[in-house]
Amino acid sequence: MSRVALAIVLAIIWAAITGNFSAPNLLLGGSVAILALLLIRKEFAPPVYLQKIKRSISLAGLFLYELALSAYRVSVLILSPNMKSKLKPGIIAFPLSVTSDVEITLLANLITLTPGTLSVDVSEDRKFLYVHALSVPNKKALIKEIADGFETKIIEVFK
Amino acid sequence: MKTVIFKTIAPALTAIMVVFSIFVLLRGHNEPGGGFIGGLIAASAIAIYGIAVGVENVRKALKFDPISMAGFGVFIASFAGLLSLGQSFPFLTGLWGYIPFGETKITVSTPMLFDIGVYFAVVGTIGAVALALEEEDDDK
Amino acid sequence: MASHSVAQTEIELPAAMLELPTSVADWSIVFPVVIALMAGALLAMVRHSRGSQVGFSVLAVVAIIVIEIDLFFRVLENGPVAMTMGNWLPPFGISFVADVMSVGFALAAAVVTLVVLIYFQAEIVPRESRHGFYPLVMLLLAGVTGAFMTGDLFNLYVWFEVMLISSFGLLIIGGKKIQLDGAIKYGFLNFLATTFFLVGLGYLYGLIGTLNMADIVLIAPAAEPAAMTAIAAIFFLAFAMKAAAFPVNAWLPASYHTPDAAVSALFAGLLTKVGAYVLLRILVALLPEQRDVFDPLITAIAILTLIIAPLGAIAQTNLRRALGFFVIGGIGAILAGIAAPSVLGVAGATFYVFHAMLTMSAFYLVAGLVERVTQATDTRQMGGVYASNSLISIMFLILVFAAAGLPPFLGFWPKLLLTEAALQDADWWLAAAILINSILTTIAGTRLWAHIFWRNGREGKKSELSNDRLRELKAPEKTFALGASVALVLVIVVIGLRPNLIFDSSRVAASDLLQTENYIEAVGLELPTQANPTTGAPQ
Amino acid sequence: MISDQDLGITLIAIAPFLAAALAPFIHRFTKGHSGWVLAIIPASIFIYLLGFVEQIARGEVVNAGFDWVPSYGLRLSFYLDGLSVTFALLISGIGTFIILYSGAYLKGHVHQGRFLAFMLMFMGSMLGLVLSDNLVSLFVFWELTAITSFLLIGFDHVREASRRAAIQALVITGLGGLALLAAIVLLRQFTGQWDMSAMFGWSDAIKEGGMYLPILLLVIFAAFTKSAQFPFHFWLPNAMEAPTPVSAYLHSATMVKAGVYLLARFNPVLGDTFEWSLILQVFGGFTLLWGAAMAMKQTDLKQMLAQTTIASLGLLVLLIGIGTEVAITAAVLYLVSHAFYKGALFMVAGSVDHSTGTRDIGELGGLWRAMPLTFAAAAIGVAGMAGVPATVAFMAKEEMYAILELSSISDLFTNWTTTLAIVVMILGNAMMMAVGLSMLFKVFFGEMKTTPLKPHEGSLSIWIGALVLGGFSIWAGTQLYYFTNTILIPVASSIAGYGVEASLYIKFSMLTTLPFALSTLTWILGVVIFLAIADIRAIMRSFAKNLGWSFDKIFDWLIFGLIKLSARLTDFLHHGRLEIYLYVVFVGFALALILPLFGNFALPTMPPIETISFYEGGIFAMALVGLAAVVMAKTRLVAIVSLGIQGFAVALIFMLFGAPDLGFTQFMVETLSVVILALVMTRLHLDQRDFRAPMEIIRDGGLALIVGVGVTLVMFSVLQTTLDTRLSDFFTLTSVPLAHGSNIVNVILVDYRGLDTLGEISVVLAAGIAIIALIRIRSGGPQTGSGILKKITGGRRKKTAMANKTSKTSKVAKASKSTRAVSSRKASPAKSKASVEKGRKPA
Amino acid sequence: MIVEIAYYIGAILLLIGALFSVVAAIGILRLPDLYTRMHAASKTGTMGAGLTFVAIAVVAFDGPVILRALVGFIFLILTAPVGAHLLARAACLAGYKPSELTEINEYEESMK
Amino acid sequence: MSGFDFLQLSATIALGLLTLAFALTIIRIIRGPSLPDRVLALEMLVSTGIAYTAVLAIKTSFFLYLDVAISLGLVGFLATVAFARYVLQRGLQRKERESAIQAASSGKLKQ
Amino acid sequence: MIEFYMAPLIGVFFTVAVYLILSRAVIQMLLGITILGNGVNLLIFTLGRITREVPPIVPQGLKQPLQDIANPLPQALILTAIVIGFALFTFLLILGYRAYQELDADDTNNMRLAEPTGKTKPPLSY
């Protein structure tokens, strides 16, 4: 089921990059997608449910907003003359609520893409995500911000 | 390099890169791209995949020995050149055919077959080298 | 001028393509390369099954030989033929041109390859077949044949690279440390040679806007002379390196003795000869005016190569390394033909290339047998083969004399031609060098002979004591290695005694090279209309 | 087309080779009788040749043979006249007995079959040489005699002396051979002919042409080396290392005469000039004296014979040099007589050696009883050597003294050259006679001495040859009329180039003439010298000892010098240091770029300056900075990372100037190069700075700069012309309509120039195979090396293995406190030192 | 009209994108250690490139081009964090210390 | 100023800005100090390059440059991945080396 | 004439490449090889004459390009050369790496197995 879904996604990507949504091209895209999926069949990701499109869009919206905002923030930080005094970098252990690899990865990447924070590693027991932040005035506040933001949305999408 | 994050996202990236490489291959005749560039992208996909999930797994997934794929590429490229023998044209003369498919026509041509050969030669070779080197590191 | 403007007028499209259908017979121009390539590709696909490797590669090479023999006689009789790929008009598509010289050399290369393949059956350590010996040999043959046949300079570059990288692979198969060392030197120096070639190509295209050899013959005389001379000089350097002419020959003695004897033999037969071939083609046919400018230089290099190479061989105690110097000496002889570019001289050089391909390959094969029998690579560790193995001894001695150019062995005939050409050209020193090369090669060769064959024991021991490390050849060695060597040496002896065909073809090849009209016509380009009253003005 | 005669005459030269090919097999089946069986071949040839004698005596010549390479004018052609037939008769006749003799002499030798084969091959070569008309075939056979004699002299190959003698003979005669080749090519150029017979008519033209002297010198040089003329004589005594049958055959009757044959053959073409006479007389005369004197020094039978052979050859050259009718007649007589008696004497020497185990006259004595037949042959032989009447040698001597035509005493001074020649001949003959007597008396008379073997007469095959040759010597000396007509006149005519009316001087006035007086003088002198020979020998030996050098030693000095020169040369040129090889190559490149521009004085002019946009300039600057970053990088690692900058800049340049495909490919290739580099980098030593001394920086940087400037200048030079874009125009116009593609670059790649791409992917495939082979094939065997430091810093494979294991568990990673303070730089010098030491020791 | 507006929007997006790139470059120059520099590179840089893609989507007026530009943006977003994550992790594990400004480092603590 | 002209101008300015970005990034590559710093700067170079290519697409109206940019986006991180792998292994190697040196020197002390 | 700016730039590429190749360190030499390859490619590109920003692609629906385009032939040649250069570079790189492993040397001066160090001492005998 999920394979079919992924194949369809890839086929759509195909149609998008070729700029042609005609039937033959979608079919060609589908076969290309199947070829590609054959290659990665062993490491197939666990079932992905993308039915919750609305929530997904909401996640994407949040991400874009965060992206723009924090890009701006980081820019300001970089350009400020007394940058060093504003910096307070640190690596914190973020306790994960999400459990699956896909969720963890998604969360980690979203965190990384958001300026100001950067995922360094996941602990071996997958309980913690180590996050580097440009400024950690308050560790708990940061954890809460992430947990309430991306993590919650991700859980919504995947549950 | 076996981190959860990388392991999880690498297959998806690989799949996208392979799809994209085929796209680049097929449109090369009219836009930038072609067999060589496509092949390089696909080889990159294999390299990434190998780094993420280990060479053994990639080899199993590929099923064919990469060098054999490269050989296959050279073989069909030569074969594409030979097809014009039947039409009493010199070696490597382009032959074009159009198969009607719905309202559009699908173009089939020996230059395209040739380019596919190029693609395979490149994927096979670069993939083989990358995998072999990764293996060096992994095994020893 | 930064770009070319495109005429918006419609051109007559059919005029872009060739109109006459290509006959099947003409395909034999391109078949040898295609067969070798496809065989190489197929063998790479199935490189883990040894049985199919041997059988299939031998089959492919035999097919190539048959095709080339047919083509050779056709070309000898009717003059050059060409095929322009993709059905495009000649200067636009890539042309393959079969003339006597190119097909003759290609044929010799294929024969050498066949012999080496058979010889290798005794040589092989099973794991090495898996690592691509057979596909690499086929690709090497494809590269060599392509280089001989192509009529396009950039395409020539590509075949050179095919050859080069295949030879890299063959050079390191076996993985001995000494091979790696040899390969480093071989690799970097040869890479530079092909890079120089590419630089020259870039300049050439920038200057005259074409890459087709026949086209170059037509256009080059009008090109800006200073730049053209520099381009010719770059080509000369690149191919002198490839051919291993003094003083840019260092890669050869550094590497040829390091791989298996079969591989050495293949290299000796194929690699430097392609460089020599291109020197002939470019300097004699394509850029004769530049050759005239370089004449003193070419003469000097020929003389130095002729003398210094065999001189270098005299001191060598590694058997195959000594042979490497013989190979280089032969290049001097070929250069001598270019230095005295009459029909005689070029025929001599052509004949010499043919001779050197067969003789030097055979020499390495026999050296491999000697190494097996004596279980040593150093002549000081050898000895006693004359008493124990007369067949190897006879072959070795024949090859010494053939390499030295003593009659009635094969090497004599080209030396005779070259000596005559040099004397005709009043290049006294060149003639002397050709003869001195013979005597020095004789000295070096008989020294090897005396140490390996006549002396009973090893250096340091009293020679009266017999060498206790001698061993018998095993059954597969006798069948394949000895058999293949004997066959090749027999061919050399027979051709040496009856050189008519090679003599005549060399002369045809030489006149075709000196008078390029046939070549240009075969390619399909128009000769410049000459002010010849008998042909009459066009209507 | 092919007549029987063509075939028959060709077979004279070819049959021995065919027999040689079969000899080892024949020997295997007939064992002890192989000599008898194989002797049939020369005997048949001899008989076949006899059939021509009458015809030739009539003054006719026979031409025969086959086309060899007609397009080049080469024929395997033969020319039978007095000279060639006589030589051929001698070769086949003496050869018959030699083959017989060899059969017995080497009985039981493991390689007797081989020996007989070589002998037959030699015989064929010699026959071919003397019968050849085509100069190329003459040369072919000439060299074949050198090759076969090489094998024969080195037959006793386990002894270094044999090997040395063989190589020496080959080298010296080989040098002569090359001179001969040059000479015949020059002759061909002058006459347009390869055939000797066709050249007789060209004699005057050649002598007047500018090439006469070179041709003359080359021919003479060839003849002198082959016929052991001073100063190329020394190989002949050394060639006595060969088994005695070889000496008897090659070194008396046949091969050494090839030089004399050549001079005789060329006499009509090149002779009768001042240069010819001068050189031949001077060297011939000197060789005669030298050889005869050196013979007196010897006590070894074969050495004595060898030295007298040198003397005899000198005498022959001297006579040809004098060149008068009488002299030539004398030469022919002497040639024949020498072949008879010297052949016989060599066989005697071999016979003595064979039966007693020694050849030293000091260790021999009183053998005439034990070996009566051998003694008889020896006596006849020495009689020939002394020129005793009734031997043909006597006539030869009389005839040679007859060159002195004395009408008054003052003629002695006016014809002083002739006088001098006569004096030299008398002296030489006397010394040779003394040597002969010394041999005869020391060996066969006096007291019996104990010898390694018990003396006994050998088998029939051993003594028959010597006796028969001796018999011939007497026969020819007594059957004057027949001999004169059938042999003497035809041969002398061939040499002279016109019909000689030889009427032997001795026929009408024998005992009362000047020549006979001179002969008598020779005998007296000979006996006197014989009586004093022991003292002379002692004096000469001490003189030679004090002198300390000889031509023979000079040869060693030259050859070893050559070997040392070769060694130094290879050390100098092929030192194994890649950086210097590369330097040479780049010097060549720099010269190729720069010299033509300067040579033609066509340095390109500076172009007009044009502005470029700032972002283009930015990319150029980026490339420059990237290049600088690589060169100035502190460590290799930094250099590798910096490499990306210029690669990236190149990609952007391609993008900027309308080449997206290129830019893209360049970028991909850069990326993949980095990936592959990163994959192998772990095992490489990258924390090192590569040090170059200031001088090296100047040296390398200077050359690099010249190359860069050269590349730029040639580019300017080319860029000043207008590019002919017809290829690209054609592609542009036809790409869409005919090749159905809009991306012209790709259409070129897969269609117009698809063959390039086919080759290119073959390169890729081959590279793949080669690289995989490189990675997979291990030389095996443990990596030697000691010391903990080495293990730490250099023990790559094991350590990385551990590193990988730990990275899997990441326990170590967690445990270790990373302190970057401990630098690996400390360890690196030690490591590199270790690697240097190890690199020098071949494993 | 629409076209003109699109051009203006596209132009502004271009400029912002380029500015982001410059800021990112300044960032990797000014910021004190590897880990902080990474913030500049992996997102500000990505934003720079991404915005130019968006700009193309705005000014292209060609369906396939617009789609491709957006897909390209997605590709960027997919790949950029992977590199950053791997490099940061490798640097940490290999022992590259963060700057002295860094007060809290729970990752290093976890490895003890 | 028409929209198109403004777009062209902005594109030119953008190219200038990106050139500046290149320059700054290169300074970091050269300065280092550590390997990961350089690698990071290289990655930055790639993303600036992507932007540069995309701007070229607008400036020349050849949107095929976009495809090149997309491809770069897709494969550009490959070098970083490879280098990250190298950084990791090299770091671990070094740590081992250090501990081995310590072990060696302590061993010496014991003797 | 952008070409006349390119020519000196290419000269610098060659200079740096040669300088690096002459260093005895295999790694440096490989970097030199890469730079040399880039220099040669740029050389061919420049000698095919340079056009700004107009790729040799025929716009959709047209049979021929409407404006002057960049010279496509050198681009095709360079593409081939890039690929070949990459294959060779990779081989040489792995070769250098294997040589370092097996010969324990990354300085060409220490790679002396095929041609051993020290004076050649041929036997002075026959």
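For clarity, chains are labelled A, B, C, D, E, F and G in written order, and residue numbers in each chain start from 1.
Keep in mind that, in the parts below, contacts are C-beta pairs under 8 Å (C-beta built on N, C-alpha and C of every residue); 3 or more make two chains touch, one makes a residue touch a chain.
No experiment lies behind these values; they were computed from the predicted model shown.
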Q: Could you tell me which chains are in contact with subunit A and with subunit E alike?
A: B
Q. So which has more C-beta pairs touching, F-G or B-D?
A. B-D
Q: Average the CA atoms of each chain to get its centre, and name the chain whose centre is farthest from that of subunit F.
A: D
Q | Euclidean distance of C-alpha centroids - subunit C vs subunit E, Å | A | 56
Q | Distance from the mean Cα position of subunit G to that of subunit D, given in whole angstrom | A | 44
Q: Let me have the rounded angstrom distance from the C-alpha centre of subunit B over to the C-alpha centre of subunit G, please.
A: 25
Q. So what's the Cα centroid distance for subunit A and subunit G, whole Å?
A. 41
Q | Residues within subunit C bordering two or more other chains | A | 1, 4, 6, 37, 40-41, 44, 47, 85-86, 93, 132, 135, 154, 158, 161, 165, 168, 172, 175, 177, 184-185, 188, 192, 199, 203, 206-207, 253-254, 314-316, 447, 450
Q | For subunit B, residues that touch 2 or more chains besides their own | A | 1, 3, 5, 9-10, 12, 16, 20, 30-33, 36-37, 40-41, 44, 47, 67, 70-71, 73-74, 78, 81, 91-92, 94, 122, 125, 129, 133, 137
Q) Among the residues of subunit G, which are close enough to touch at least two other chains? A) 1-3, 21, 43, 46-55, 57, 60, 64-65, 69-71, 73, 77, 79-80, 83-84, 87-88, 90-91, 94-95, 98, 102-103, 108, 111-115, 120, 122, 125-126
**Q.** subunit B residues within the subunit G interface of the complex
**A.** 30-32, 36, 122, 125, 129, 133
(Q) Which stretch or stretches of subunit G touch subunit D in the complex? (A) 1-25, 27-28, 31, 34-35, 38-39, 41-43, 45-60, 62-65, 69-73, 75-80, 82-91, 93-95, 97-98, 100-117, 119-122, 124-126
Q. In the complex formed with subunit G, which residues of subunit F make contact?
A. 56, 59-60, 62, 64
Q. In their shared complex, at which residues does subunit A touch subunit B?
A. 6, 10, 13-14, 17-18, 22-24, 29, 32-33, 35-45, 101-102, 104-105, 108-109, 119, 121-122, 126
Q) What does subunit E use to touch subunit A in their complex? A) 20, 23-24, 26-27, 30-33, 35-36, 38-40, 42-44, 46-47, 62-65, 67-68, 70-71, 77-78, 80-82, 84-85, 88-89, 92, 98-99, 101-108, 110
